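Here's a structure for you.
All chains are identified by letter, namely A, B and C, in their written order; residue positions are counted from 1 within each chain.
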Amino acid sequence: MATINVPPMEEESQLQALPTTESSARRFWRRFSRHRLAIVGLAILLFLIFVSIFAPLLTPYSPTTANLTQVLLPPSPAHPLGTDELGQDVLARLMYGGRVSFLVGFSSMIISTTIGVVYGALSGYLGGVWDRLMMRFVDLVMSFPTIFLLLVVLNLTGSNASVGLMILYLGLFGWTGLARIVRSQVLSLKSQEYVEAARAQGSRTLRIVFKHVLPGAMAPVWVSAAFGVAGAMLSEASLDFLGFGLSPDIPSWGNMLDSAENYIVTHPIMILAPGLIITIAVVSINFIGDALRDALDPRSTTGMQRIG
Amino acid sequence: MVLKKMAVVMASAGLLAAGLAACGSSPTTTSTQSSAPFVEALSQNPDNLTPAMGTLAVDNMPLELMNASLAYLNLHDKWTGEIATSWSESSNGLTYTFNLNPKATWSDGKPLTSADVVYTWHYMTNPKIQITYNTGWNYVKNVVAEGPHKVVFTLTQPYAPFMATVGSSYIVPKHIFDKWTPSQINHGIYTKSTPVVAGPYVLKSWQQDQSLTFVPNPHWFGSPVHIQKMILQIVPNTDTQFNMLSTGKLSLGTIPSSDVTQASSLSSKYTIEKTLQATYNLIQLDENHFLKDVKVRQALDYATPKQQIVTDIMHGLAIVAHGDQVPGGYFYDPNVPHRTFSLTKAAAILKADGFTKGAGGWLYKNGQELTVPIWTGSTSHSEMDIAQVVSQDWEKIGVYAPVHTAGWSIVFGNGTPQNPGPQVNGKDEALIFSWGQGVFPDDTIDFNSKYVPKSPFQPSPQENGERYVNAQMDQLQAQGVTLSSRPARRKVYDQIQKLEQKTLPVIFLFWYKNETAVSKNLHGYQQTVFGTTPVWDWSMQ
Amino acid sequence: MAKYIVQRILEAIPLLFLVTIATYFIMNLAPGGPLSVYLHNPHVSQSQIAILAHQLGLNQPWYVRYFKWLWALLHGNWGYSYFTGQPVISVIAQRLPNTLILMGAAFIVSLGIGLPLGIYSATHRYTAFDYTFSFLSFFAWAMPSFFFGLLLQIIFAVKLGILPVAGMYSEFYAPSFLELLRHLILPTAVLGLGSLAGWSRFMRSGMLEVIQQDYIRTARAKGLKERTVIMKHALKNALLPIVTIIGMDLPAFFGGAVITEQIFAWPGMGRLFLTSLNNRDYPLQMAELLISAALLIVGNLLADLVYGLLDPRIQYN
């Protein structure tokens, strides 16, 4: 990266820390809620998560029980979105599919965020040779298109990845961008007085990083986490579509889209329903991410990383 | 041979257009030469167009267009001369004598003679050349040219499928291949330039992953062709293929079973023909642990809803299979009994066999859970649907049957010692795929004990992945290929089919019917289970 | 400036070197290692495999093998496809230009439409256009590209019949530039949509931030025409973060290419990669990983150079 001399921005430090006091929490909420779309997004997201968690109470159908006497039925009161090629209720699969998509999205985000934060913070704090080595490794990982790496690793597994493995892989290949951001945050923070003071008092390196430096660098982390969920959900769906995703009997939105492909003309609802739901879920999360960025880290260029 | 199996799998998964077993006898009298090109979609880029070196079903169509064999099977199941004008078989079944057409010529103008046929024998049996399909040639003791237009094959033992294997192999040009080392041939030097061929068409261009274009071979010695341009366009996605049919872009196309519900939308531009295919779909049960027990296998057979799969997943584009001989064919035995779907019967068999319900609601015997994972290819929607339905019914009787999908090369592959493929991991596994051994009725490579993989990593033909060993079967199969009288052979194959029903670790699911959309502009095209009318009968308007 | 360019290029070389090591490492993790595919072939005997292993130097330590491999690589010997026997380099050479055409088209469209849209939206803030644009761009950004691709194919090629369903050239006419353009429209739209939406959003927010700065207010106060203010003063500064974003988004073009090429039967690298995965064709996979990484490194280098050109504050030492 080129060396860039950006003039220090005074107002930034006020915004950076996540709200810890009453007044900054209120300020955060004021800035966040200015984005009406983010509020709508939050509401939709909570609704979708609620529906997928309570799916067993909301639908009488199992998402994985084939019923070949009820194949490809059009929408009706009994099946509001009809049935698929195995006679499974499309609405029920949509509800249960949310569980898989959200589980994959949130869990892999937690993994990638954890790695990204720890890695970036260590690299930035240690500095010198360590920093250079660690950043070279980031450069290396980022030199490969993420989807190629994911596909190669999934192909090595030999058969469909389980949900757990899918989460792990998406997490393992999604942290590099965040590591760079956190590192530069830490670099600019570690010369500040309170960190210097802690060092003078003889605190241990790790303690300084996690107690004093990281909290100040967390703003972009929250933003990146929000977009990370959305990106992982889209990635999982794309991998399902390419035949390298979850086992076909797992009701995920990606698998629904994949198997609906052949029915696009005769039963368009089979492809439109999961396609639109995943779009709406991702849009909602991106609305939130956008508002978070505005409220916490307005100058950053963090956004959702698509793999395809 | 594993790759060959894959090829057939893909063929029947509806991914590729009808393979052309060149055929037909009555040359049409049409003289008008139409100019519209013929367009067909292939689901993959052909891997190798050097004769006998490819592994994919999509290689068939381009190879058919370019090549000629001594004889071919016509639409009415009768052998017809192509390079040969006549042939005779000695009474002991050990020699075949072919008289070649003196007009036979290569596409570079050089004459095609007996020397080329002799060379083809050397080519097919050269261990340094990576031939992938040379079934039958191992029975050939030698090939001798008697003058430029006469060849005599001597066999090591009588071999009934001689015409279906050796007699229909493509002849390769000696004067071209002689110049190359085996390594050059293995690395595809033949297709780098314009291949010299003896068939009705020559390859004009091959845009990788895009299209192959063929134009008439000016030196073709058979019936003249009418279509001046044949285009095979490569379209990987079946849905895209169907969309191309919808727009009338293709002259010919197979409709995937999952698209059958929307096939009627094609009726303005196409006639839809349904034909039985010589390809069946099966569940292979690898005999490793509980699956060695014939009772367990029979219970699983009872618990497999074949009729429902045919009606609701294949949408009627199939008929239930009871064995590996083409229904209605000469060697098909209609009297083989079969097991109709019954979960109660299945459960009762397992109970009588000593299985009891245990943890998780699954069946156990001697403290071990009855687990049969079901594997199938990740690119085949209908097979993935079948796997899910079968899994569900097996689980209803307490057999734990998780579904796994992966690329075909992984499903059939060896994997690593740490992570071996399902066929070689020593566990009970069920594989769903389609298969046609190509040479009916001989099924030696499938069920003979010689073809059981000896060790997981032994590089040898190992089609008997289910590890079925039965001395009676071995003996019957040996009889089947050596007897020369057809009725006598039929008796042997009747016995084989009855034995299969009793003991084979295979659940036959169904025979495929192809639904082919034939453009209303394409004339002279017909298909039966044996193949299609020959390309020189086709014309475009 | 020249020094800066040289320095960046010199930095890219060790990275490329690292990429070759990583690729080699990943592919040697592959099940069964480099010879496993031969095990499927009934015509390759155990003794031939032993010979091959010797030829490939599999009985030597990994670093010796690596350097041998690298040496061959640098001499243009990329090995042969396990599946077709063809030289890897010619297999790649046949597909790479097609992918570059598709990616180039998507890139140009994303920039050419995305950036002006963003600027227009920023300078017409709180108008109906701005709201509509914001809303739609969010949707476009979030839509799975295969879903969008299948929809476009059905609507424009099947229902309306105004664009080709798939392929790169029509089978009925001689290949021409016009034919290529017609076939490019749908795949370009699918491949470019995500980046178009993303970049236009960042352009909008970058522009908004810049036009609130003092020097823009000063320029306006001096009575300069609004158009001049925007194009001459604001744009250059607003472009800076976009360049970073574009560099970061380049990998997505590869992912998009895998999906788009599959749906629209485009004969490129993405489809080849899927085929090589399904065939366990390791030499091809390895070559594709290398080429894509090299392209990304060059792409990022270009992005850095553009950044350097645009940013007066950059230090060239």
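Convention: contacts are C-beta pairs under 8 Å (C-beta built on N, C-alpha and C of every residue); 3 or more make two chains touch, one makes a residue touch a chain.
Here the structure is a predicted model, which means the values were calculated and not measured.
**Student:** If you tally the C-beta contacts for A-C and for A-B, which one comes out higher?
**Tutor:** Spelling it out, more C-beta pairs touch across A-C than across the other pair.
**Student:** Would you mind checking which chain's mean C-alpha position lies nearest the centre of all protein C-alpha atoms?
**Tutor:** Chain nearest the centroid of all protein C-alpha atoms: C.
**Student:** For chain B and chain C, let me know how many angstrom lie between their CA-based centres, rounded off.
**Tutor:** 39
**Student:** From the C-alpha centre of chain A to that of chain C, how far is it in Å?
**Tutor:** So the centroids are 22 Å from each other.
**Student:** For chain A and chain B, let me know how many angstrom lie between their CA-based centres, rounded off.
**Tutor:** Centre separation, chain A to chain B: 45 Å.
**Student:** At least two other chains touched by the same residue of chain B: list those residues.
**Tutor:** 239, 246, 379, 407, 410, 415, 419
**Student:** Using the touch definition from the top, which residues of chain A touch two or more other chains?
**Tutor:** Counting only residues that touch two or more other chains, chain A contributes 155, 158, 244, 261, 264-265.
**Student:** Where in chain C do residues touch at least two different other chains?
**Tutor:** 31, 150, 154, 158, 262, 274, 277, 280
**Student:** Show which residues of chain A lie in contact with chain C when the two form their complex.
**Tutor:** Going by the criterion above, the answer is residues 1-6, 37, 136, 139-140, 142-148, 151-152, 155-156, 158, 177, 230, 234, 237-238, 241-242, 244, 254, 257, 261, 264-265, 271, 275, 278-280, 282-283, 286-287, 290, 298-299, 301, 303-308.
**Student:** Could you pull out which chain B residues touch chain C in their complex?
**Tutor:** Checking each residue of chain B against chain C gives 1-3, 37, 39, 44-45, 47-48, 53, 55, 127, 130-132, 186-188, 207-211, 231, 233-237, 239-240, 243-244, 246-247, 249, 379, 407-410, 412-416, 419, 457-462.
**Student:** Show me the residue ranges of chain C that touch chain B in the complex, using the header's touch definition.
**Tutor:** Contact set of chain C toward chain B: 31-32, 36, 38-46, 49, 80, 83-87, 91, 94-95, 150, 153-154, 157-158, 161, 165-169, 171-172, 262-265, 267-268, 271-272, 274-275, 277-280.
**Student:** How about chain C: which of its residues touch chain A in the complex?
**Tutor:** Interface residues on the chain C side: 4, 8, 14-15, 18-19, 22, 26, 29-31, 135, 138-139, 141-147, 150-151, 154, 158, 194, 198, 201-202, 209, 241, 244-245, 248-249, 251-256, 258-259, 262, 273-274, 277, 280, 285, 288-289, 292-293, 296-297, 304, 307-308, 311, 313-315.
**Student:** Mind listing the chain A positions that touch chain B in their complex?
**Tutor:** 64-66, 68-69, 71-72, 85-87, 155, 158-160, 243-244, 247-249, 258-259, 261-267
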